[in-house]
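Can you keep this structure in mind? I'll have questions shortly.
As written, the chain order gives the labels A, B, C and D, with residue 1 at the start of each chain.
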Amino acid sequence: MGILRIGHVSLRVLDMKAALDHYINVIGMYKVMEAANGHVYLKCWDEWDKYSVILTEDKEAGMNHLAYKVEKDSDLDDLKKKIEAYGIAAKIMPEGTLPSTGRMLQFNLPSGHDLRLYAQKEYVGTEVGTTNPDPWPDNKHGAGVHWLDHALLMCELNPEKGINKVAENTKFCTEVLDFFLTEQIVVGPGGAIQAASWLARTTTPHDIAFVGGPRNGFHHMAFFLDSWSDILRAADIMGKHKTKIDVAPTRHGITRGETIYFFDPSGNRNETFAGLGFLAQRDRPVSTWTEDKLWTGVFYHLGEPVPSFTEVYT
Amino acid sequence: MGILRIGHVSLRVLDMKAALDHYINVIGMYKVMEAANGHVYLKCWDEWDKYSVILTEDKEAGMNHLAYKVEKDSDLDDLKKKIEAYGIAAKIMPEGTLPSTGRMLQFNLPSGHDLRLYAQKEYVGTEVGTTNPDPWPDNKHGAGVHWLDHALLMCELNPEKGINKVAENTKFCTEVLDFFLTEQIVVGPGGAIQAASWLARTTTPHDIAFVGGPRNGFHHMAFFLDSWSDILRAADIMGKHKTKIDVAPTRHGITRGETIYFFDPSGNRNETFAGLGFLAQRDRPVSTWTEDKLWTGVFYHLGEPVPSFTEVYT
Amino acid sequence: MGILRIGHVSLRVLDMKAALDHYINVIGMYKVMEAANGHVYLKCWDEWDKYSVILTEDKEAGMNHLAYKVEKDSDLDDLKKKIEAYGIAAKIMPEGTLPSTGRMLQFNLPSGHDLRLYAQKEYVGTEVGTTNPDPWPDNKHGAGVHWLDHALLMCELNPEKGINKVAENTKFCTEVLDFFLTEQIVVGPGGAIQAASWLARTTTPHDIAFVGGPRNGFHHMAFFLDSWSDILRAADIMGKHKTKIDVAPTRHGITRGETIYFFDPSGNRNETFAGLGFLAQRDRPVSTWTEDKLWTGVFYHLGEPVPSFTEVYT
Amino acid sequence: MGILRIGHVSLRVLDMKAALDHYINVIGMYKVMEAANGHVYLKCWDEWDKYSVILTEDKEAGMNHLAYKVEKDSDLDDLKKKIEAYGIAAKIMPEGTLPSTGRMLQFNLPSGHDLRLYAQKEYVGTEVGTTNPDPWPDNKHGAGVHWLDHALLMCELNPEKGINKVAENTKFCTEVLDFFLTEQIVVGPGGAIQAASWLARTTTPHDIAFVGGPRNGFHHMAFFLDSWSDILRAADIMGKHKTKIDVAPTRHGITRGETIYFFDPSGNRNETFAGLGFLAQRDRPVSTWTEDKLWTGVFYHLGEPVPSFTEVYT
């Protein structure tokens, strides 16, 4: 079956203490482990695998690597062949490279982002268990996010130089990793340039997304909430904690999701994303956003450029 | 008993057709009457008196006058005496000055805004009637606002020149019109300057508000919605209609209300305001917002200055 | 001005420990005081006076008395005269009859329910304070209700014997206590029998209500929540605590409120009531529900009799 | 890839006119076609294939057949072999057996329910299109459901006679059709009897479900709504239309979905189901509900038996 879903993000933060306050008390994650090297592992209440975020202290913020979980260990071997056949170098990192995690298949996307696949991570269970589970746990706190939902990577797009890492990543992910395209932004004469793409392996609107910009980077990782009401509560909590909000509660045209964009104390962008949006399906026609409606796609209510949104990232 | 609630706003618009499209199809009002002079009268579905907004076409946007309803016709005579005793000129305008409306007591607030009180307006009933009424009518459309909820007037505040029309209006409204203060912003050394005030006659957080600025003017009129969910739906409708949104869905610290600020096609600011917020009571202590938290009071989530909010008005 | 709002309910419970678990951990109140006689006083987070519920342990559940707050101490003397002039005995109970509470004017409604008015109760403040208050406190817990909102009293209605305590209470409350009628149910030939009534002093749909039944009693007291989303969360919490729910989340036709009815461990009925519903006003025409649509008025979605709702009370 | 999602339900109704009023004006579907034989085809606004419900007038209500869409036409041949190898007869019905629909693979579940798979159905597009789509269409009406979400089939369960069609269907669907189990109810000594099961092909909590009862039948088909707020609005619309509601708005423990159960005019049960609930995944451990908490699983708030729920079906 191949890729199941997003597995974790390994993220650089400037100050671990401030970062933990943010990811635990604002986002609502749980600290599950601190490695000897000071790396801290966190999970959300509705996740059953051991961690979905790794925080590493560094001098510059940003993403170290992004990982997806595959169904079977043998998928790693199969995908290694497919990736190499596509012309991209891939290597197996042995079990234990990351604690509580099986062997990983590592490679770089055409954009250069470090991507990893793994089939095994220590099972620790959700906070509600598997026998007569409550709909949410008593120890929910902060925004109480359910799970790490998706990541959006900024990819170099320079039509004059013929560089379009959005299109290259999209092609690779659909042809080799068997993602399917759900939505895209096209710009330029005849809409010939694929400037952004949203791709899924689950039947939610996206598990990964690529947006064109001046340089490759990490735009945001998103955490799932049930509803617009949870978005209000999350925004209230951000207000209490003086979290730096990038874009106040609104709806995306693309994915239809209800959203808040905000920054962790190191400047890494986070999102709380609510609602299913639509049922993503392989036979559902791709939604295409044209250059004139691009910002309606991004922020449906405002429908106007928010320059910081595409210019500021780590 | 005196003043019951806000009654109507008479507003200047630049283009009647565009204005009607906005107030009917976006806001969700109903056109109830067009006078021979071209003035158009509108109401909301949950209002029982004939109109709550009068639109008049003019070369400049802004408010003509603001009216509140009193309980008894004799209240007008009583209040006339009190207003005059306070040192403000007041006059009775005869029945029929406005169609379907009884005699009006007219006077100017210390800030110069034209205020009118009336006891009688033609009863036409809500859209759900009084016998076994549905909770909302089948002909609800647009954002489907319930009623005109309050108005916020910009008042000249120039401490250097000793001008504070916010404080003057507040004093007059509490001492003469028997409003009670629910919240205020204080600035300057020792918080000695009352820079904004929210006052009520109903038991909702405000029926009128005054905010200090460079000149007197009309900041916004607000329409009531039930909930944060209705705010999302209203914002979606604004997105569809390309309504110019000033501030995307968020929560006020002051009043706790859930809000969208946006402009009619003439540039008059509107608000959809949702939720009761708190039960306003004469013995509830006034909430005071200090200069350093002023913007948290205005937009609780962002907590940062939105300069256009106090600089742009009609 | 007279009556401001509901002040408190004094309630008999069978088991104090179980009652406290319910009112604190499910409803979300705060224990503020335990008197030497074992009476326990509780308040909600958004109330500024010291308490709104008094629990007293007894062998039978039910209401001891119901109290409303008036604006001025002199209102008590004025109302005493009006009540006595109406033909109902009234007495002043001295300050300290209830702890932290000023003198009380005591009398029985025509239905016999013990009603008390007071002007003074110790001010302790809401949980968010009065300076730059957050919209909700960090120590919110359980359903996190805002305030005691209203009470509904069951009143003997026996048309054959010519007994209608609903109509008698309504007449007394409107004529003497200056409540205004917002909604009513009428039954019998020509709708001549007022079988239920909802009355307000604030501008919310009701501060007290009377419903006809086989005997006088206590139907429920209601606590305010902001919205339908809070109703879901409250119901989830009741599910976790195995609270006995009477009627699952639904909407009232009458008042339009969103509601859950449930029982405290002693069998006293509680309600969580959400939303403003409509702006109650003295010039808003009374909504009348006819016998054939009576249950649509009570439970708008089901629209069918729920016999336990009018037969089971304390 | 095999099965994508639920495709349609063919349903018997007693009165076509009443049924259409219900499915169009309450549920919010669109009539897309009426065949010469009087069969009526309907779809939801967010579906892109031509229809998801077929209504046929008959003397008895109930389900004719249930259909799922597969990804590729060749999947039908592959699955035919697998089904026959499992020992169940399967046949190909030629293209045009149903209008606008490709060839169908027909077989009966172990419980006897008529199931059909198809790969092709005429594409007509959603009501919002594929270019810069709005989040919802202007012609949304009634409850405005997004799509047919799942069906629940009642299956004979008689442990004394050794009959358990729930377990047989579950085994068949997981082993042959590659559904995965997300939740189950187990009863009897040691929880040895699988009394109900929820299975998915998408990553939503269920695409089909089986519940044990006295006889095989059709329990309900469910339509998707975004959120608890939409559930309130749907219930309001049912109140207006006097739709017979089975269970008022509440939450499921199983799937966590927010729900209303109600009946079409012929007595076929419908559900509006809101929210994603949880992200269903093949490596997510199955949630198991035990006999003592069975009703908490079904209706989380009440947690008590609602006998009609398992006894009344078509």
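To be clear about the criterion, a residue touches a chain if its C-beta (ideal position, glycine included) is under 8 Å from a C-beta of that chain, and two chains touch if they have at least 3 such contacts.
Nothing here was measured: the structure is a model prediction, and the numbers come from that model.
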Taking contact as defined at the start, I'd like the list of chains shared as neighbours by chain B and chain C. A, D
Relative to chain B, chain with the most remote C-alpha centre: D
Just the number, please: Cα centre separation of chain C and chain D in whole Å. 43
Please compute the C-alpha centroid of chain B, do the same for chain D, then give the distance between them in whole Å. 49
Inter-centroid spacing, chain D versus chain A (mean Cα positions, whole Å): 31
Residues of chain C engaged with two or more neighbouring chains: 134-135, 227-229, 236, 239, 251, 253, 296, 300
Enumerate the contact residues on chain B facing chain C in the complex. 1, 4-5, 46, 48, 69, 71, 123, 125, 130-135, 146-147, 202-204, 224, 226-229, 251, 253, 256, 275-276, 278-279, 281-290, 293, 296-297, 300
Interface residues, chain B side, partner chain D - complex: 134-136, 138, 227, 229, 236, 239-240
Give every residue of chain B touching chain A within the complex, in rising order. 228-229, 232, 235-236, 238-239, 242, 245, 247-251, 253, 258, 260, 296, 299-303
